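Next come two complexes, and both contain subunit A; in the first it sits with subunit B, in the second with subunit C.
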Partner chain A sequence: MQNKLITQENLKALVNELAASNDVFAPKRENENTVSFGKINSFDEYVPGVLLTNTTVKDKVYLQSEQLFQYELKKDTVEFKEKAPGKEAVIFGGRPCDARGFDVIDKLFNWSGYEDGPYTGGRKNTTIITVSCEKPELTCFCTSFAGGSPADGKGSDILLTPVSGKFLAEVLTERGEKLAAKYSKYFTDASDAETAAKAEFAKAAETKITKKLDLAAVKKNLDSSFDSPYWDTVHLPCVKCGACTYVCPTCYCFDITEKKFGYLNGERNRTWDSCMSEMFTKMAGGHNPRTDTKRRFRQRFMHKFRYHVDNFKEELCTGCGRCIRRCPVGIDIRKVVEEAK
Partner chain B sequence: MSNIYIPHKARIASIKQETADIKSFQFELLDSEVRKNFKWKSGQFLILSVFGVGEATFTFANPQTRAEYVECSIKKTGLVTEALHDLEVGDIVALRGPYGNWFPFEKFKGQNLLFVGGGIGIAAIRSPIEYSLDTRNDFKDITILYGGRSPLDICYFDKFDEWQGKKANLVLTADKGSEGWKHKVGFVPAVLKEMKPSRDNCTVITCGPPIMIKFVLKELTDLGFAPEQIVTTLEMKMKCGLGKCGRCNIQQLYVCKDGPVFDYAEIKKLPDEF
Partner chain C sequence: MEKEMQEIAKKLLAEKKVDWVIGYENSFEPGASRPVFINKPEDAVKLVFNKSCVNNLSVYLPKVKKQKAAVIAKGCDLRSVREIIKEHQILRENVVIIGVACEGVDSSKCATCRENKLDGADFTVGAVKDLGRKEDLSDIEKFEKLSSSEKEAFWNKEFERCIRCYACRNVCPVCYCPDCFANRLMPEYLNKVVNTAENKVFQQIRMQHVFGRCTDCRACEEACPVGIKLSLLTKKMSKDAKKLFNYESGKDTDSRPPLSTFKVDEEGIVEIM
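Now for the complex of A and B:
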């Protein structure tokens, strides 16, 4: 689809109209110091200037805890009930690294011959309108990844980039086209000059990113360092809080648990889990292949930059840098994987 | 949209107390369509639901050639298995699967088969044992070595008539003997060493506690077996069985989808801790 243009006023009107009939999630002020993705009822609740929200937007599709089904035991059988599909949702104002996170975990939830309905159902219901980043921060490293950029559209349905006081709207998917067609009154066609201005914007934003990982070298180092004494010490500052895994747009590991209501009713739930927890791999009978922090810490980084690359040909990371900012002891994922040897 | 987490309904058709802490269950799938289409191969596993408690992973104890019921032999070890042991015939459970890979029997054709099982690991090799007995003409000699901590920890006494005699040769051992125990006494690897199986044209299928596997592998290597001749099934904590929940990986391999059956050549490439 041809690139579109949308003015500030029209964007506001669009978001307001969307919010009237859909769940619209956007960066929203939770309290004085915290902006997270929350449901907004009008554009005025949206906090536009924020680069990285407190938590990832992943949880608006891949819920932190969700019901897989309910059951009711009957005489000689059991009945299952699935929850009704959610409302159409729009994620507005996320960043390219957030949107790219969906692209990464979409593949996981569709691989191995099984489509994960509880995830993909919500995903297909969600339109993602992303805003390019003008001023990346010191913890940003999205340009390390193939095609990664503060103005990259991977995972987004529509990418908005500020251009001469308006937004260039790149409509990238069928879902995006549907939305743009439905609300065509707010959009005008963009000129070549405006499209070119976006390229300039991207170039300028990319130069502000100070850290770029050499991922081929990282992979090579991780491939040969599993038994290295490097891991004996690098994990020592870690306090095993698991915050890194909870704020990550690509961490997907989960637990399946059961909640019982009386003797006959209950529900099965899926909840985010963390490889940093001791219980993560502890088996019935007590055997645990990842007995200590060293092994769990190594698993986290190896998974992201080695194992996942072996299986999916891309890293399990989008360079958002949230784990670096949230870590209470200042562990920097870039440093950990770059220095592994 | 497909909810791959909804299991098939099943009813407990029979329960047999094997030892003080092991019971064998037969499950009957309730839906006749599901029952007709539910097919597995020796080595694969299933995830069983006990309502009110949760799910746990078990191997199929019976082979596809004896598929009237789904059978599992289950040791009381954790929350789910404890709850299972409290259930009765007629109680409703559910299961999903089959998941994972299977023993590559087509590769074993024309060979001698040696099964080495220890403890509850016997549940995982009962299925390939019975499969090979049912396709007996495909193989030469079949030998089964099975050990438990004590004579009281040995399961499947009712199967041994078939496991020894014309079709196969069975060697039983207990780590510690007791009065009336007419079989071997000693750890499985020690008995294996004594048996001196020939490596020629032989495949070994083994499953048991990690410490047993470790020494079985050592004895077999000493006897000249190549890593490719030894096949085992690995276990790891699993939640989904579908390659998604992210915890059963050993490096880039997921035990649930790339395993659970691996040969020793593949295992040797993996780090020691497994």
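Now for the complex of A and C:
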């Protein structure tokens, strides 16, 4: 689809109109130091300048806790009740690294012909409108990854980039086209000059990212460092909470638990789990192959930059830097994987 | 001051008095720092101390208790060190305390700090000044006046955000249990499902467990990735421990935490039944 243009006022009107009939999630202020993706009822609740919301946007599609079904034991049978599919939703104002996270975990939840119902159901219902970043932060390293850029549209349905006081809207998917067609009154066609201005914007933003990982070297070093004494000491400052994994746009591990309401009925839930937690690998018989904190710490980095690359030919990371920012002890994923040998 | 700290650390490591020095190093951005473990004398130059050194490093001491460690401690951190010595989580002789004269870091607790004295430290770096700051309980008193339903509405809004990463628990110097109730499956005290109700149960039980042991160091609030106002709870607990049991956590290394002992007639408690 041809690139579109939308003015500040029209964007506001569009979001307001979307919010009237859909769930619109956008960066929203929770308190003086917290901005997270929350449901907004009008454009005014949206906090535009924020690059890194406190939490990840993935929980709007891949819920932190999700009921898979309810069951009730009848006389001769068990009755199952599956959850009704969710409402149409729009994620507005996320960043390219947030949207790329969906692109990365889409492949996992649709791996070798298996489709994960609850995830893909939510994904099909959700339109993602992303905003390019003008001023990347010191924690940003999205350009390390193939195609990664502060103005990259992978995973987004529509990518908005500020161009000469307006936004250039790149409509990238069928879902995006549907939305742009439905609300065509707010968009005008963009000229070639405006499309060129976007390329300039991307170039300028990319040069502001100061850290770039040499991923080939990282992979090579991780391939040979599983038993390295490096891991004996590097994990020591880590307190093994799960903050990094729960704010990550690509961490997808989960646990399945039951909750009983009575003797005959209950529900089965899926909840995010974290490789940093001791319980994550604890087995029914009580054995735990990853009891010590060093092994748990190593797993996170090995998974992201080695195992996932072996399986999916891409890193399980989009370079958003949220884990660096939210880590209570300032552990820097870039430093950990770069220095591993 | 940093130079002095580095010299002490270097000497301790070179003379093999300690296996580790736990301090702060520069982080990824100017003016930011993070905890660091140093075991080579030549690495002691990494140590820094500035306004960003918020972390309470005493949380690491029970984790390295089989080895000897020196720890950089501000006055407030020193309270936690004393508390965990009292609770037998570390042996005093295995810890070298390098106290730093602190005039405040970037933390909510510093505006009312009266704890920058370094009593009991093995080394002191810098000169401790009287900061002349006063206790301020006005936020707690204001909160106490709210009705139950107003309080509940407030906490529901806070714990709706909780992602149960357990950062609050894991950075807490007095949350050292190797087997936390939150991880227990048989019996299951806490369901794994993350929702406001379960999140509140988690924090309620944690707070009960640290009552009369919590030094209101604010490590939990600083660590919370979603900015939950945990200091309202920790400050209230400190206030109540003082009022009910005339007890201040971390003041010394030999008194008994109030809930680990029993008196038939507690002076601060009025029985209503």
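Just so it is clear, the second predicted complex is superposed on the first by the 340 of 341 C-alpha atoms of A that agree within 3 Å, B and C clash if a C-alpha of one lies under 4 Å from a C-alpha of the other, contacts with A are read in each partner's own complex, and residues count from 1 in each chain.
The criterion applied here is as follows: contacts are C-beta pairs under 8 Å (C-beta built on N, C-alpha and C of every residue); 3 or more make two chains touch, one makes a residue touch a chain.
These numbers come from a predicted model, not from an experiment.
Asks: For A:242 in the superposed arrangement: first (subunit B), second (subunit C), both or neither?
Replies: So A:242 only meets subunit C here.
Asks: Given the superposition on chain A, which partner contacts more residues in subunit A: subunit B or subunit C?
Replies: Touching more of subunit A: B.
Asks: So, does A:114 touch the first partner subunit B, the second partner subunit C, both, or neither?
Replies: After superposition on chain A, A:114 lies in contact with subunit B alone.
Asks: Does subunit B (first) or subunit C (second) touch A:139, or do both, or does neither?
Replies: In the superposed model, A:139 contacts subunit C only, not subunit B.
Asks: Considering only touches as defined above, state whether A:226 meets subunit B (first), subunit C (second), both or neither.
Replies: Only subunit B; A:226 stays clear of subunit C.
Asks: In the overlay, answer first, second, both or neither for which of subunit B and subunit C A:48 touches.
Replies: In the superposed model, A:48 contacts neither subunit B nor subunit C.
Asks: Once the shared chain is lined up, is A:257 touching subunit B (first), subunit C (second), both, or neither of them?
Replies: Touch partners of A:257: subunit B and subunit C.
Asks: So, does A:331 touch the first partner subunit B, the second partner subunit C, both, or neither?
Replies: second
Asks: Which subunit A residues lie in the overlap of the subunit B contact set and the subunit C contact set?
Replies: On subunit A, the residues that contact subunit B in one structure and subunit C in the other are 255, 257.
Asks: Considering only the defined contacts, which subunit A positions touch subunit B in the complex?
Replies: 68-69, 71, 73, 76-78, 80, 82, 85, 108-109, 111-112, 114-118, 120-121, 124, 226-227, 252-258, 260, 263, 266, 268, 270, 273, 275, 280-285, 287, 289-290, 295, 299, 302-303, 306-308, 310-311
Asks: Report the residues of subunit B in contact with subunit A in the complex, numbered from low to high.
Replies: Of all residues in subunit B, those touching subunit A are 1-6, 9, 11, 30, 49, 51-56, 77-81, 90, 92, 94, 210, 235-237, 239-240, 242-247, 249-252, 254, 257, 271, 273-274.
Asks: Could you please specify the touching residues of subunit C with respect to subunit A in the complex?
Replies: 20, 27-29, 32-37, 39, 55, 59-60, 64, 161, 163-167, 169-171, 183, 185, 191-195, 219, 222-223, 225-227, 229
Asks: Please give the residue numbers of subunit A that touch subunit C in the complex, ascending.
Replies: 30-34, 36, 54-55, 64-65, 138-139, 233, 236-237, 239-243, 245-247, 255, 257, 259, 269, 271-272, 274, 277-279, 324, 326, 328-332, 334-335
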